[in-house]
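Please read the structure below before turning to the comments.
So that you can tell them apart, the chains are marked A, B, C and D in the order they are listed, and the count of residues begins at 1 in each.
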Amino acid sequence: MNSIQNIQQVLNLQIRLFIPRFQLREFLTVYNTLSERCFNACARDYTTSTLTKDEGSCVSQCIDKQMLVNRRFMLVFAEQAPKALFKQGEQSPTEAIKSAKPEQTPASQTTETPTTMSIISEHGFRIDGRRPAQIRNINTRLGLNRNAEGSCYLEHGNTKVLCAVYGPYEGKASKRLEDRCAIVCQYSTTTFSGLERKNRPRGDRKSTEISRLLEKAFESVILTESFPRSQIDIFCEVIQGDGSNLAACVNATSLALADAGIPMKGIASAATCGIVDAKPIVDLTSREETDLLPRVTVSGFSSIILLLHSKFQLATICGRDEVILVELQNRLHIDHLSVVMDAAKATCADVYECLAVVAQQHLKACAPILGH
Amino acid sequence: MSIEISGPPLVSPWMMLTMSDARNDIDKDKIVIPGQAVCDAPQQFMRGHGTYIRDGEIVSSLSGVVQQLNRLLMVKTIKQRYAGEVGDVVVARVVEVQAKRWKCDVSSRLHANLPLGSVLLPGGDFRRKDVEDEEKMSEFLKNGELICAEVQQVQHDGTLMLHTRNNKYGKLQQGILIKVPPHLIKKSKKHFHTLPYGMAVIIGCNGNVWVTPALPETTVEEDGSHVHEFQIVPQDIRLVMIRVAACVRLLRDYSISIFLNSLTTCYEMSQPYDIKELSEQETSSRLAYLITARLLQELQQQK
Amino acid sequence: MEVHISDDEKLFLIHGVEQDIRNDGRACADFRPMILERGVLSGTNGSCRVQLGQTTDVLAGIKLELEAYDPIAEKQPKQPMSFHVDFSANASSQFAGKGGDQYGEELSAAFQVAYSRSLDIIPNLSKTQLAAGYRWKIHVDISVLQWAGSVPDACSLAIIGALSDLEIPEVDVTPDDGGKVSIVLKRPRIGGDVRDEEVPVAMWKLIVTSCPMLLTVSKIGTANLVDCSPEEECCIRSQLLIGVAKNLESTPESDDANEYDITCVKQHGGGLLEMESIDDMTKLATRTAKGLYEAIGNRLNTEEKRKPGHSFLL
Amino acid sequence: MNIFANIPFMKYLSFLLLLFTFFVILFIIFVSRMPTIRSNLSIPLTHLNRIDDVRMETDDVEKRSATAFRPLCVKCGVFGAQDGSGYAEFGNTRVLAQITGPEGDGKWEEAYAKVTITLKGVENETKVAELRADMTSSLSAVIFVNKYPGKVIDIEVTVLSDDGGVLSTAITAVTLALAHSGIEHMGLTASAHVTLRQNGDYITDPSTSEAEDAIGGVTFAFVPNLGQTTCVNLYGRIPLKATSPLLEFARQRAIALVPAIHKAVVNSVKERK
C-alpha cells in the first residue's frame, strides 16, 4: 500500500508545483508588458547606471497612465454592457440617465459616438491596452470531444470557438465525389454569443456565407485526393464572439484537422487587420469591429480569393505568404491594401507559431504509452 | 444512491499524466506537424508515405513521428482513422444487406464489403453459393449485427474486403462493445484472448474491443446451423465482464495502449475498487499512474 | 439520434439492467460523475456549464431583456422565462443542418411546461415584474456541445446553475411625460469623491433552491433507470420526462410525499407503460431530485471564486 | 318527432309506439351514465350521423356533473377518398385527422415505418412542437411500425377550433382515422383531459374558461384492451400524493369514452357495406 502513498505525494507535489507556475506565468506576462513599455518610453540617458530624476518620474507616470488606461477600459466596458442588454429601439438605462440628467463628464475621453480617433490613443495603445501589432493571447485544448476524430477548443482573447472534425467517413451518396473527398462545413454561433441575443443560431445569410468560405479555404489545405468517395465534416461553434470570429474559426479548424491526423499541406493560421488613418491595427475585438473602419481577414495558403467585405481576414499556411482566404469588409483605399496585407500576413506568422507549438505538444501527449 | 457534483479538475488528469515521467519514451522521437520540414538535407533521402515536396524540401503532410528506413523517410501518424491492412482482425457492424454482399462499418474511411462467397454459411462446408442462399442472406446476417472478420484485401480507394472463412470468425452473440481510438491498439499476433475469469476479449485492430462471456459453445444442430438460444449470462461472469469493460475505458481515457498485458494489469489493480469508481476522476488517475509505473518496470526487466 | 446495436447486445443489456447492474457498473438509480461550472461566459448575464460522465456537455447562457407588455390583455401574469434548446453540430454529424431542430424544439416545449408555474415556485421571481407594464424577460438558451444521452437532466442542472449565477440590475421605472417611461438603474449611495458613474449598479439574485428540474426516467424491461447512456437508450421501452419542484411551504422533516410537486410529466419516445410503473417512475424521479437538490446545493455554496481571466473547457 | 306516423297497420303502430317510448326512457337512463352525446356541427360535413339526446343544452360545469364530458361528436371516416380520416369534437374543440400512407418516399430505408405528424391551425410555435412530440410518441407506440418497412405514414392533424383539451381530442380523432385507414395497430386509444382544482375536486374535459382556476391537469391516453398508457401529459403544479388519484380518475373517464368510439367505428363499417 505504501507505493500508493508515495505516488500520492508525487501527485500532490506535481499539483503544488503546477498551480504556482500558472499564477507565476500570469503575473510575469503582466509585469513584462508593463516594464517593456515603460522602459521603451522613459529610458533615454544611458550615461549613468542609476535612474535620473526625470526618468524616475516618467516611469511612475507611465505606470499610472497604464493603470488609468486599464481602469478607463473597465469603465467603458461597464457602460457598454448594460447598453448591450437592451434592443436598439429600447431606451437603455444608461441613455435614460444621460437623457434624464445631462451632466458633463469632465476630461473623460469617451465621447458618445466613439470616432475612429479614439481607437488608438496618442501613446499608441488601443482600448484594451494592446499595441496595434499585438495579438490577444490564445488558449487552446485539443481532443476534448470523444465522439469526433479531431476537436479543438480555442480562446483568442474573449472569442471562444469550439470546432469538431468528423471523418473521413462514408457519408450520404448525394455528397459523394468520385475522385476526391467531399468537405462539408457548418459555421454556427450560439444564440448568446454576441452582445445582442440572436434567435437563430445558424442558417442566416452571414453564417452560410462563412461556412462556404471555410469550405473553399480548407479544400485547398487538405490533401483530398487521398480519400476518394468519402466525406469530412467540419463543424465550428462560436461560443462567445468578441471580434475576428472567422479568423478564430480557421485557426481552430486547422488545429482540429491536425488532431484528427488528416493529411494537409500545412497548418493554416488566420488573422484580421484593420486600418486607422493609414496605420494597420491587428486582431480586432468586436468593439473595434463595430466601428466604420475597413477590416481584412487573411488566411494564407495557395489561391487568393479576394471577396469585397469590410473586414480584411487573411489566413496563411505555416506563416509563409501563400494565402488561402482573404475577406475584406467595408471599402479600403487601394494603396492601403498592400500595407494591410503585409500586416495581416505578419500576424498570421505569429499566430502560426502559437498553433505549431500547441499541435506538437498535443501530439506528444496523445501518443499511446508503451505504444511501440 | 448519493450523488455529488464536483467542479472541473484544476488540471485535466490526462494532462497530469503527460507531465509525469511516464512519457519520457516519446521525447527522443522527432514529432512533426503538417507543413514542417522533415529533414535538412533533402538530396540524400527518398520521399516515403506522408510527405510531399515543396520547393525542393521534403515536407510532412501528416502529424506524426518521422521514421527512417535506411534512405527512405516516412511519417507515421500517431492519431488517424483506421486504415486497414491485409490480415487485420476487425470487429465490424453490418450496415446494409446488398445483392451478394454485406456492407459493414469498420469505422474506417469507407464501409467494408463482406462478399457472400467468403462467408462460412451454417452448412459448415464451402459449398457453392446458389440463388437460394442469396435470398436467405438477411436471415443469416441482418442489419446492426456485429461480426468478427479478417481483412482479405485492400482495394485502390481504401475499401476493405473482409472474409470469415474460419470458425473463430463470424457473428458475435451477447457481450459489450467498447469503441477505442485505433492508434491505442498495440500490434500483436493474437487478437482473441480468453481470460481465466470466464470471459473472452476480442481486440479488433479497428478500435472495437468486444468483451464476451466464454459461454459453452452454442450447441450445433446436426445440419450445422448454430442454435440461437438466448442464455442468460450468470451474474458473476457479468460482473467480471463489466469490470474488464471499465478497465478498457480507463486505458482509453489515459491513452495507455491496449494489449493483453495492460488489460490484465489494469484488471488486477482495479480489484480493491468498486466498478463504478473506475470511471470517477481521482480513482482512475491514481490507477492510471500505478499501471504505467508497473508496465514501465516490466519493460525495463525485459530489456 | 440513433445508435445502432444488435439484438444480442440489447438482450445482454436488458438482463443486466433487470439485475440492477448496468454496462458501466452503475446501479439503476446512479448518475454518471457530474461537473458544474458557473460564470463561464462574460458576455451573458448568467451562464453555467455542466458535463455529465465526461461526454454529455451542455452550456446554458441567460440574457435579460426589458420587455413592455400590455397589463390589461394578460389577466394572469405570464412567467418571464423562455427556453430554447439547440443541438450543436459538434455533438454529432446527425445534428448538422436541421437534424437536431425537432428534438431541440421538443425539449424547449417540455421545459416551457415544466417551468410554466415558476412564478409561484421560485419565491422572488415576481420581482421581475416592474411597474406599469414593464418586466424583465429572461431568455434561457442552452447549447448541447456533446451528446451522450440524458440531455434533459444535464440541461436542468445547467439551468439551475445559470439562474443562480444570474444578476438582475435593480431598476425603478418612473412614468415620464407623454406616456414614455424613464428607467433608472439604482446605484447604492457611497459617499466620498467617487463619481456617480463609477459606483457599480445594485444587482439582485434569484433564490433557486426550489427551481423545477426535468428528469428522464426510462423503462427497460421491468427496471426503471435514470441517466441512460446512448446504448441503453436503444433498448428502452418508454421514457417519462418528469418535472419535479421542491415545495417550499412544506417543513423539511415532513415525509417525502408532500415535499415535492410534479410540474410536468410527458411520455416520450413511443412505447406503452402500465399505471403502476408510472407511479414507481414518479417516485424514483422525486428520490433522484432529492439527491440532485442536495448535490447542486452544496456545489453552488462551495464553488470557489475564480479570477476573471480563467478559461473554461480546459 | 316520430317519423313513422303514416304506417297503414294502425294497431300494429300503437304497439310499436309503446315499444319506442320504452326504448327512449331506457336510453335516457343509460345516457345519464354514458357521456352526453350531442352535435351542433357548424361545418357541413356530408352524411355525418348524429346521435340526438334530450339533455344537450346544459353546457357549463355547474350543471354538468364532474364526471360528464362536454357534448361530443366523433366520426370515423369523414372523406371517402382519403386513406384514413377521423373527426372528433368535444364542446367547441374540433379536430380533423387525415392519414396518407403507408407509402415509400425513397429517402426512408429503415426496417420500420416512420410516423410523421403535420399540425395545422395552431399558431403558437412551442405548442406545435409539444403537440407534435406527444402525438408522435403516442402513435408510434400503437402502430405496428415494423410491418411497413421503409414506408412513411403521414398524419395531418387540423385543429379547426380550440377550446381546451386539444391533445385528447386530437388523439381521439387520429385513433378513428387509424381505424378507418386499415393500418394495423394494437387497438383503439381512448383519451381524456382532466383538470384538478385547488380544493381537490376534478373537472372532466373542461373548456379553457372552466380550466382557468385549475392548479394543473392531465391528458391521459391509453389502450383499453392492453390496459397500458400511450400518452401521459401532465402540466401545472400538482403535489406528489395527488398525482396517482388524478391519473386513476382520468383513466376512469377515458374508459367511459370507449363505447362512443366503438359506436363511431361500427357506424363507419356499416356505411361502407
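We take it that contacts are C-beta pairs under 8 Å (C-beta built on N, C-alpha and C of every residue); 3 or more make two chains touch, one makes a residue touch a chain.
As the structure is a prediction and not an experimental result, all values here were calculated from the model.
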Lowest number of touching-chain links that must be crossed from chain B to chain D | 2
Considered without chain C, the complex falls into A, B | D
Among the chains, which one keeps its Cα centre farthest from the Cα centre of chain A?
-> D
Between A-B and B-C, flag the pair that has more C-beta pairs in contact.
-> A-B
Euclidean distance of C-alpha centroids - chain A vs chain D, Å = 59
Dist(centroid_CA(chain B), centroid_CA(chain C)) in Å evaluates to 38
Please work out the Cα centroid separation of chain A and chain C, and write it as a whole number of Å.
-> 31
Expected list for chain A, residues touching two or more other chains, is 141
Shared-contact residues (touching 2 or more other chains) in chain C = 54, 314
Which chains touch? The pairs are A-B, A-C, B-C, C-D
In the complex with chain B, residue positions of chain C that touch it = 4-9, 11-12, 15-16, 19, 21-27, 29-37, 51, 53-54, 157, 287-288, 291-292, 294-296, 299, 303-304, 312, 314
Would you mind writing out the residues of chain C in touch with chain A in their complex?
-> 41-45, 47, 54-55, 59, 61-66, 84, 86, 88-93, 96-97, 139, 141, 143, 145-148, 169, 171, 180, 182-185, 197-198, 200-201, 307, 309, 311, 313-314
Which residues, counting only chain B, touch chain C once they are in their complex?
-> 1-8, 12, 93, 143-146, 172-177, 230, 232-233, 235, 238-239, 242-243, 245-246, 249, 253, 274-276, 278-281
In the complex formed with chain C, which residues of chain A make contact?
-> 26, 75, 78-79, 82, 84-87, 90-91, 93-94, 96-97, 99-100, 105, 139, 141, 144-148, 151, 153, 155, 158, 160, 162-164, 166, 171, 184, 186, 188, 190-195, 197, 199, 201, 233, 235, 237, 239-240, 242
Touch list for chain D against partner chain C, complex = 125-127, 129-130, 132-134, 136-138, 140-141, 186, 212, 216, 218, 223, 226-241, 243-244, 247-248, 251
